[in-house]
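Letters A, B, C and D name the chains as they come in the text, with residue numbers starting at 1 for each one.
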């Protein structure tokens, strides 16, 4: 997945903007939440990333910045989200070409539930899993790490970097009470992964809410 | 947030209309419900506000009236909602530049549940809270007052005015069995706040419905 | 609400078609379900009504027929739904100018639950009720009759006619496992009523599903 | 339903593409999931079918392939899904002219629940059932077979073929943890059937989740 040739920034910004508007329409990016990026160049690392605070219903190719691996702005107006460093960490640890971060109801609900004891959740048995790159069967078990949410993004980025370098399995991770990060070899692949995770989290979320209904504070596992 | 220079009414009406159509599409303004306003001038207070009874799917800039702080119509056709006085109260008590009122399923469900005993609810632990103006961490606890619904709007406006002047914390409030009021420094900020509250109320609502499932009349707390 | 002057068929067909497409988008008219009408003339009664079997996503003004009070076709291509006689019954019993029939998930779920024992359900305490014509306060109790579903539409039409002539309160009724009928003085008012009922049925449905969760076959009351 | 005259491939591709985009908008085809086909010719069998891996939000008439009854590509770019053989089986066993496969949240949830013991589920009592071709009353009981999901598609195609030839009742079937297959005499009829099944699965799914809430692992029947 490595190339030193620069990608086409306009094309990538257009693809990311379309993706962002589609996610907003589904309720995965309300309140200006979420951020989306694509790798422009590997060495040195250059990322195209959403400018912070934009209403994703109106996201267009002008709302993107070029940043380096310290989230310094090289081009464009506005400011990147503090979470830009998480995008850098994923790009580095995985060689991903695009990273997408959604804030959905179901990722929020399940990230809370499973954060406590196991700091992760696992999903298996669904055909939809086969849409995750490299997965060949619905019997695959997708293990999804869950990080405690933090406002110390550099520290969180280190944790993410360490885990993703150490464990090649995950196609995405959750931040507790916050949302999903996923990625891919292209904007299209990252978008496919985001849709697959959001779908599976809704399926599992509805089932788990029902299974544990009526148990009061029992919703949070192991806390 | 105070200025005596008049704002551009056409621009504000266009922004409010776009916001209203987007809310209607999400089911937050069915049955012609909801009303939206922006401050045209501070002193004397002049508000641009939706004309009552309009299907929000078709809301456009012509559906707005200019009113004074007694909800007298200064310009435009039609009638303001009786709730215009709540908009006036929020504009006064908070210096808000735009006030938005939604009628969603989740705000209705949770406003009923928490109205009885505590006359409020609190939400904390979610990253989405950081989108509320001035909030710096997901550990923030957002306290949401809930007022009993009433058809005596002048009396209700006084209650709202008194609470908002006394307590600077809330970014919005609920009316029992009725819906959400929120506001901001601009239409965009008020819209961001509305989306954030609606998102959080859905997350909390789904979890609370599950936690208290099977308890029959136990849904209403402390009644 | 009575007038012998013929209404404008093109305008009414356009309004009904827009309404139908909007309802389909919300999932209230899947699988070609639902039918919509408007009164063209009172005496003798002439109704404009959807042709049967049309995908409501593509409903346009050409998909409407003119029928008399025995559902004989006077103009237009295709066939009216067998349920046209229910539209006739509502137009007669209430002098309604437009009748709308939706098939939503929540009206289906609640029509089953409350059909058995009480053959009706009641909703009160919600501000949204004030959008029903003539209702002045959220304390209003809206009583919604529920008829057993039947394929003998003439017999069902007589039941509907009898009840609506005898009881002036309802703004709509449910057919068990089937859906909602509501009406108004105009297409716009009937559409407002449909949106209000669908909203309230979702609010009540979510709450009742939770309250009775885990009770197995207890979902159906009194059966 | 049999004819040797070739159908119009462009018209069918356009209809299938419109159907696919509409399904994607409803969340029934996330993550590039789902595949759609129409019969071009009976003898020898020729199918027009979606090329694999396309984001269904952007599906257009160019994303279709012509295949024979061994899923060999005769025309078009890309590759058919491995599941093309299931489309062939349905076309053969039922003389269907169009076959649609959706991946919805509710079909996934219910296919898991009912797969274990009975390898099927039954739905009755809903008016919406009358939209299934040949069904005359809501009292109809629609029996929906559920097959274990498998990556051995030729073996699964044989199972599907055997059951559909032996039992003329089903208008569709589920694959466990995977989704719905349904079909019809035309793209429009298959689409109507898909919408009806998805609607009914949501109604039944919401009710069953509630009825069995709080029972922990009790969600899966008979496992």
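FYI, a residue touches a chain if its C-beta (ideal position, glycine included) is under 8 Å from a C-beta of that chain, and two chains touch if they have at least 3 such contacts.
Remember, it's a predicted structure, so these values are computed and weren't measured experimentally.
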item: From chain D, the most remote chain by mean C-alpha position; value: B
item: Same-residue or different-residue interface between chain B and chain C, half as cut-off; value: different
item: CA centroid of chain A to CA centroid of chain C, Å; value: 44
item: Distance between the centres, which are taken as Cα means, of chain B and chain A, whole angstrom; value: 31
item: Residues of chain A touching at least two other chains; value: 209-210, 212-215
item: Touching residues (chain side chain C, partner chain D) in the complex; value: 27, 30-33, 55, 57, 103, 105, 108-109, 112, 149, 151, 175, 177-179, 209-210, 212-219
item: Residues of chain D touching chain C in the complex; value: 22, 26, 125-128, 131, 136-138, 188, 191-193, 195-196, 198-199, 202-203, 206-207, 209-215
